[in-house]
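Every chain is named by a letter (A, B and C) in the order it is written, and numbering of its residues begins at 1.
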Amino acid sequence: MVVEASPGIVEIKGLKKRFGTNEVLKGIDLSVKRGEVIAIIGKSGSGKSTLLRCINGLEVFNEGSLSVDGNPLLHGDAKAMRTLRQHVGMIFQGFNLFPHLSVGRNVMLAPTLVKKRHADQTVAQAKKLLERVGLAEKFDAQPDQLSGGQQQRVAIARALAMEPAVLLCDEITSALDPELVGEVLRVVESLADEGMTLLMVTHEMNFARKVSDRLVFMHAGRIHEIGPPEQLFGAPQTPELKQFLSSIHA
Amino acid sequence: MVDFSIWDIFRNLLLAARWTVLLSLIAFVGGGLVGLALLIARIAKVRGADTLVGGYVQLFQGTPLLMQLFFLFFGLASIGIPISQWTAAAIGLTLYTSAFLTEIWRGCVAAVGKGQWEASAALALSLREQLRYVIGPQALRVAVPPTVGFLVQVIKGTALASVIGFAELTKTGGMITNATFRPFTVYACVALMYFALCFPISAWSKSLERKLHRGR
Amino acid sequence: MIAFDFPAVLAEWPLLAKGVAATLALTAISAPVGVALGVACAWARVHGPAWLKPIVGAYVELIRNTPFIVQLFFLFFGLPGIGVKLSPELASVLAMVVNLGAYAAEIVRAGIATTPKGQIEAAQSLALSEMQVFTRVVLPPALKRVWPALVSQIVIVMLGSAVCGQISTPELSYASNLIQSRNFRAFESFIVATLIYLALSMLLRSLLNWAGPRFIFGK
């Protein structure tokens, strides 16, 4: 096993997580380099989303260690958690836009409150980010006036407004109609091209193959196989991965 | 025997209704403030708050308002803590209202989806910021119809202050009945006056509810 | 130093027991009749003849927007003014039935309104009569949907029966008043009665939550 010369931006060692008596994560070791794009695939119930949600503290793990940019995750320390979440952003399957705020205000809320920026700065930043995701003209629109794909792109802009070092994407296209998936994936691809560190749980295999540096196949709470996409797709080693790949190539 | 006209009866009842309105407002506002404090204690996960507030709500929702008022006025007096009828009624109704409102509002906060908590947490908002900018506004929208509706319950609850002798609308109705020997007319008037107070508020609450669901 | 004397109150347990029995009897009679009245009113508002709807509507709004104690006093003190005299017990039961009926009407109406249309269409296609469709297909799931709200309302009416002591119905609050008038232990007497009410409300809720699925609307 090659020992990394310098620690990755996300370092996970021996991570275990139980829900009651059910052990969902049975010991995860993962080191993510800065600028790396990692796609996490696997059957439902394999623990993919749980792992992702541990990284920004939405789930509390029971054993092991997790650190982001050298800072270990301290669940009890609310201030430390907030600092962590300024460096780690998340996009959700259900978008979770704030329905009572306009699109622009959705993007501006966190920088205004948390980074305590000035109004003109946040407005300018929000407009720039919305343009980046292709929704400049929707600044004053309400979330319920947008399509699913548009809402998800706003969610991406909202997360980017905090200038995170790492972006977590939890099945961000699974709730979208097929024809709207492309517009979201294009934005994610451009983020990857710009060097954003991305961890994505996804079912979009072609996208994962195209964009990711490493693929993580999870099965029954463990990382079963890990490696470049060509290696996992082209030469799966374990029967579980072989079965998984054949089941999705239907 | 003096013959009282309906107008005489009405006039006296109207004067008494002032106290009903005043007591209702005090209980509603006071109960709202206490209820809000209890709710925030629960949300902020203050130690023991969940159990204590839960028990508090169980107590006031599981016992008659009549007994609560009896206890405050007669019960405390019997152990050497005499309080006036007005104070007993005000305190009793305030605590009663706070228990119901905190429970109603708890339901409204629970109605805001978990995704909103997660998204705002993921954006590094503190609990106070989450409540003020994301959860609060959404819970408030849902809370307005039932809160307005509960005001009707408070107004009806003030009628029980009559049993500890406080001269609000119901007690005054009883006194006028004794003076005029026209119980049917008097109590019909009393009922109509409560109706006049409560029905518009009930109707308003219903229309707020309709507007809320239309907006979705 | 305040000296409490709970034993003095607990010694009067026969009086308290009689009071509890009366409270439970009042509730046991009023609850089924009140709910039945509510169901009938809900049916009338949805399926009834046009002339009946506003009458039922007026009844529901009148009761829901006036205090129970005023309704009770109207029946017990007001009606004699036009020659109708009721005993305290009869006035209490009548007031509770009329009160519960109005609230149950709204609750059941909400339950009926959420019946999926397909259910009614399927029942009609099976040639069931209108009354059969209502009682066999619409009502049981509707009652199941609104059971928590209905149970809460029944508990509210049971607690409201405390007011009936004001017209000398010998229920629990009346008993506690009687006890404290004898031994001057108002503090202890009212605490004991209040705790008994609390226990009654919890028991009643559990009983109704158990009985509902068993006897009324099935699992």
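Just so it is clear, a residue touches a chain if its C-beta (ideal position, glycine included) is under 8 Å from a C-beta of that chain, and two chains touch if they have at least 3 such contacts.
Fair warning: this is a prediction, and the values are worked out from it, not measured in the lab.
Taken together, the touching pairs link the chains end to end in a line with two free ends. Placing every chain at the mean of its C-alpha atoms, the farthest one from chain B is found to be A. Centrality annotation: B (chain centre taken as mean Cα position, compared with the mean over all protein Cα atoms). Note on chain placement: the centre of chain B and the centre of chain C lie 21 Å apart, centres being C-alpha means.
Annotation: 47 Å between the Cα-based centres of chain A and chain B. Computed from the mean C-alpha positions, the centre of chain A lies at a distance of 54 Å from the centre of chain C. Shown for chain B are the residues in touch with two or more other chains, of which there are none.
Residues 2, 4, 61-62, 64-71, 73-74, 77-82, 155, 159-160, 162-163, 165-166, 173, 176-177, 180, 184-187, 189-191, 193-194, 197-198, 201-202 of chain C touch chain B in their complex. On the side of chain B, the complex with chain C involves touching residues 58-59, 61-68, 70-71, 74-80, 152, 156-157, 159-160, 162-163, 170, 173-174, 177, 182-188, 190-191, 194-195, 198-199, 202.
On the side of chain B, the complex with chain A involves touching residues 113, 115-116, 118-127, 129, 133-134, 137-138, 141.
On the side of chain A, the complex with chain B involves touching residues 56-58, 78, 82-86, 89-90, 92, 94, 96-100, 109-110, 113-114, 155, 158-159, 162.
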